[in-house]
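For reference, the structures are reproduced in the following blocks.
Next, two complexes with chain A in common: one pairs it with chain B, the other with chain C.
The block that comes next holds the complex of A and B.
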């Protein structure tokens, strides 16, 4: 019985001089080669050769972090393409958006993919954060990785915000106006911060180019670096959290006490919990193919969903920016409507204090909630207090978002969604 | 001098090296940070002037409130008195709309009376009034960099 034709062709290529020069290990046939394939490939080496069965269980992690990463990659890909047409000028930006929609081949598709992937990324980073919280996966030794994750969540929001400003439509103009005005309520540095963000006192060309530089280079570069460290720490902190963790195994090797007649590899001097410590080898399977194939499958699903959304729904583009009149009501994208509802009570309390306290609480969480109970299980009973507090905050955020989205009409007045919106009462 | 210094104590040379080393490193980092942030603060602005001519007094009917789009202000004429009210909401900078009794902000619903005072909503301050004077060529001159009290009029 011979292998199917594509596989035979591939193997022929792989064994050729050129194939061998490219791939250090061919398609693995033995367990040794399965390990080698993972370790010796640039793209795969950031992952372990063997992986815990628990980590592969979709019902544990739901792949939320990986989905976020895939969305980020889709955003980088489509974003770079959009850069070939987009011009960050208040006079031309809107026209280039129209070109992308009506003139450029596949321009509409790329823009739609970029926008919907961005919305999905905000959603999935948030869901990932919730998953890590509800499974207690931020506890020692993963505290700092949680902090990095919170940073990445904020970066995701910053990337979205700087992104939807670029089309220079009504949404963009009034979002910069309102967003930078919220910043000006920050104590002491507020007005200076606004001046720095806008590159002046009014919303115009200087502000657009600043947000463009942040959106296409600064923020993605920082986010990419932090994603790398985030993934690195997942490995170094012992892989995905799971219920049978060995506890605090911190091997600290005193170099002075090592016997001098032995040669040590660097691996043996590694500090901290490694994947192997305290684990039953029977719980582990080879990453190739078990992990790698699941990851590829997940990528296909994410790509399919983004494509589906991009083909059937167009990204919003409002009218050309009008510095005289905001739309009525002027609504941010859904993920900022909770914040918008909060600032409609008070810009300082709702726009600075409450978000500031929430972010601080998230950053400090792993250092406050230090009990190592209930790690690796969803909704562990031992963590009732922490889970209750987090859930209340989460529900409040959702409630404010729902109110901002569905219950606010013209002039941000209360309006039940099932009642028909009255005709615009106040003339322009 | 030489014999009393044990190895572990800091020598004069070591002390100087550490002190100046750290000072130099701190200075280098601080100077780079300050220069980078300062670089981002613009020194020249190409923004419209805050001082503008609104037109001849007779361009505005008696007892009228005129919205001046480009300047985002309301020019208020009552009899032969002139005042100028900012149309920029003091909450988060949206343009307020005129209503029968005052002004209403579409973004977060702040409500102002016809004197610019906050009646309801999140706006923290009243809408400011700007200084109105008469230029030499007999035009209304509004200075948006100078606010005045609501009861200060230009009488023509």
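The block that comes next holds the complex of A and C.
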């Protein structure tokens, strides 16, 4: 049977002089070449040559981390294109939004993709965090990678929040006004913190330029670096968690305690078991094509979803920001509405204590919950206490967010969404 | 490694690749298809149809399909209206249906300096019909209906000065005569019972304003404003005038162009510069310079204009100083002098009025009629007021007050109005104190006017 046409054309190219200069290994035909393909390519070498079948199972990881990464890449790509037009000035930012919509080729499409990918990224990073929790994948030796992951979740929120201001419309202006005032409820440092974020006491040009600099440079650079470390640690910590992992990992022996009158083999200097112990070669498949192809397919799926959303739904753009006409109620971005709902009960408890405790608990989780039970399995029975606590907190967060989003009307009063009066014929 | 599983991958790659490819094509199509392109093609088609010579046909075929825009940096606007309205400057398209109609009156307001939206409103940056005409959510400035277009003249020009905007002038007249200023401030003059009106035209629609005049509480719940009895024509006129009050200020070039050299502007200058100190009109005034009653008969308009610019040029040796009038001011003053032959114009100069007439002007200026009725005749409802649920008329104030008491009453006001029924809400209208707003000379004139309202022949002690 002859190979399909695209494959034959590709092979012709890679055997040419130019092709051989670019690709160190061609399309692999043997297992040796499959390994070489992985380790000799810059883009592929961060992944292992062989991968556990369990890690490939879609029903285990759902590809949530990878989806988050793809969304991040789409955001970087569309974000750079948007930067070619955007001007971070209170006088011109809104006009550039209008120009993107009306006269820039594919401007609206790029803005829509950026907006929807940003919302999806917040959602998928959270889902990824939940997946890692429910499969116990934060346990030794992956504790620190969990901490990095929580940091990346917070960074994602910060990226989305700083981007929210940039269109300089009513939605942006009041969401940031509300969001930053939540920060000011922190005792002692709160008002100073808000002043630091806004460069003043109200949202204005200084706030816009700060949010812009954070959004297009500082936060993406930090997030990019942390993603790299996060991925590095995934490999160094033994790949994706799975049920048959060795109980411990290899540790170096304190060399000072060893007699020095002999030479040692590498095996003698290590304690514990290596990552490979307990892994059956029959459980492993070559990353090329099993992992790489799946990853590429997932990228196509993510791209299709984002394109679909961007083609059929426009990113919101309200009136030009007007500091003397607050909407009623003024709402923060959706992922902070649970927080805003809590703040409506008590600024100190809801705005400071509860979120502060939640973030601290998330960061310390792997150091508190240390038993190596139920790693690599969803909802393991041995972990029901931890799972119950986490689920209650998660459901509460979702409930408060839903209430804040759909059940709060003027003056933050209770209002069922199906009883909302139709929008007035004339605003103001 | 089974080839079968690879084939499985190829199937998915094909399906998803086609899906993403299809979506990219769809996204490209949606982006590339813009409704203005249809309008431009129709225009090109029309131009080709009109072409009489092969050269004209070739020119028409070369018209590019592209976004047209007028950049107005001083006005902070970009108007892309001409992307669809391609023939606004071509008189041969007079009478064509939109979007290809010709726009007359381009001489005073050249499109390249003024664009479109500064008068017509709407969303200049937009390139779809719905968005550009502005009747879309989240856009505050929909297009002004053509029947109210004269409101835009009032954004820059004095309403009364503009012969091209008679409806605007009439609207201002209705506004002043209805006594709106009794409760509302406009341009810093007026009462405090209602909101200021300086920007009302920027955020209220014509429909809202009309409803508001006829039944204020229907659109502004809790409003104490009495419903206005306005004829249909007056209602439209005052609505138009309100729409002209947008609070916008014209920058640089536009501010310098906004004075129309009209007789009304000339009259203001004539009074302001104290011309009457040397010249006389109708026998009143100084006698250093000649009387001006018939100057329009004696001198050609051009002579008068040059005289204002530099008196020595046309009357060597004259003692009249050079005031440094601009060309526009000189033309306005000339226009006024030419109108002096008209008795009515001459008599409206303040120096010709007696105290009662001036007082009547004050009564109008501060909108007293808004509550006390035209000429103090009353009749304005004030629900639950003890005085027959009406604001009291002023015809007989001479019987109850001395001049000083009346003056004190105007300056101090009366904030507590006795209620007919204490259980019902208090009367919405009350007398604000005008001290600090009204000038001392004006109160004296006003008091004289109010005292004069008492019908002749009626005795104080009937």
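Quick note on the criterion: the second predicted complex is superposed on the first by the 392 of 428 C-alpha atoms of A that agree within 3 Å, B and C clash if a C-alpha of one lies under 4 Å from a C-alpha of the other, contacts with A are read in each partner's own complex, and residues count from 1 in each chain.
To be clear about the criterion, a contact is a pair of C-beta atoms (placed from the backbone, for glycine too) under 8 Å apart; a residue touches a chain by one contact, two chains touch by 3 or more.
Worth saying up front: this structure is predicted, and the values here are computed from it rather than measured.
Contacts of A:102 after superposition on the shared chain: chain C is touched, whereas chain B is not.
Applying the stated contact rule after C-alpha superposition, one finds that A:62 touches neither chain B nor chain C. Contacts of A:310 after superposition: chain C is touched, whereas chain B is not reached. After overlaying the two complexes on the shared chain, residue contacts for A:344 are found with chain B alone; chain C is out of touch.
With both structures placed on the common chain, the touch criterion links A:23 to neither chain B nor chain C.
In the superposition on chain A, A:301 makes contact with chain C only, while chain B stays out of contact range. By the document's definition of touching, neither partner reaches A:334: not chain B, not chain C.
Judged by the touch definition given at the top, the superposed model places A:13 against neither chain B nor chain C.
Comparing which residues of chain A touch chain B with which touch chain C, the overlap comprises 426-428.
Within the complex formed with chain B, the residues of chain A that make contact are 174, 177-178, 181-182, 195-196, 199-202, 204, 206, 323-330, 340, 343-348, 350, 410-413, 426-428. On chain A, the positions that touch chain C within their shared complex are 4, 31, 34, 91, 95, 98-99, 101-103, 105-106, 108-109, 169-170, 286, 289-290, 293, 296-297, 300-301, 303-304, 307-308, 310-311, 317-320, 423, 426-428. Put simply, chain B touches chain A in their complex at residues 37, 40-42, 45, 47-48, 69-70, 72, 91-95, 97-99, 104-109, 121-122, 124. Residues 1, 5-6, 9-10, 12-13, 16-17, 19-20, 23-24, 26-28, 30-32, 67, 76, 78, 80, 123, 125-128, 131, 137-140, 203-205, 208 of chain C are the ones touching chain A in the complex.
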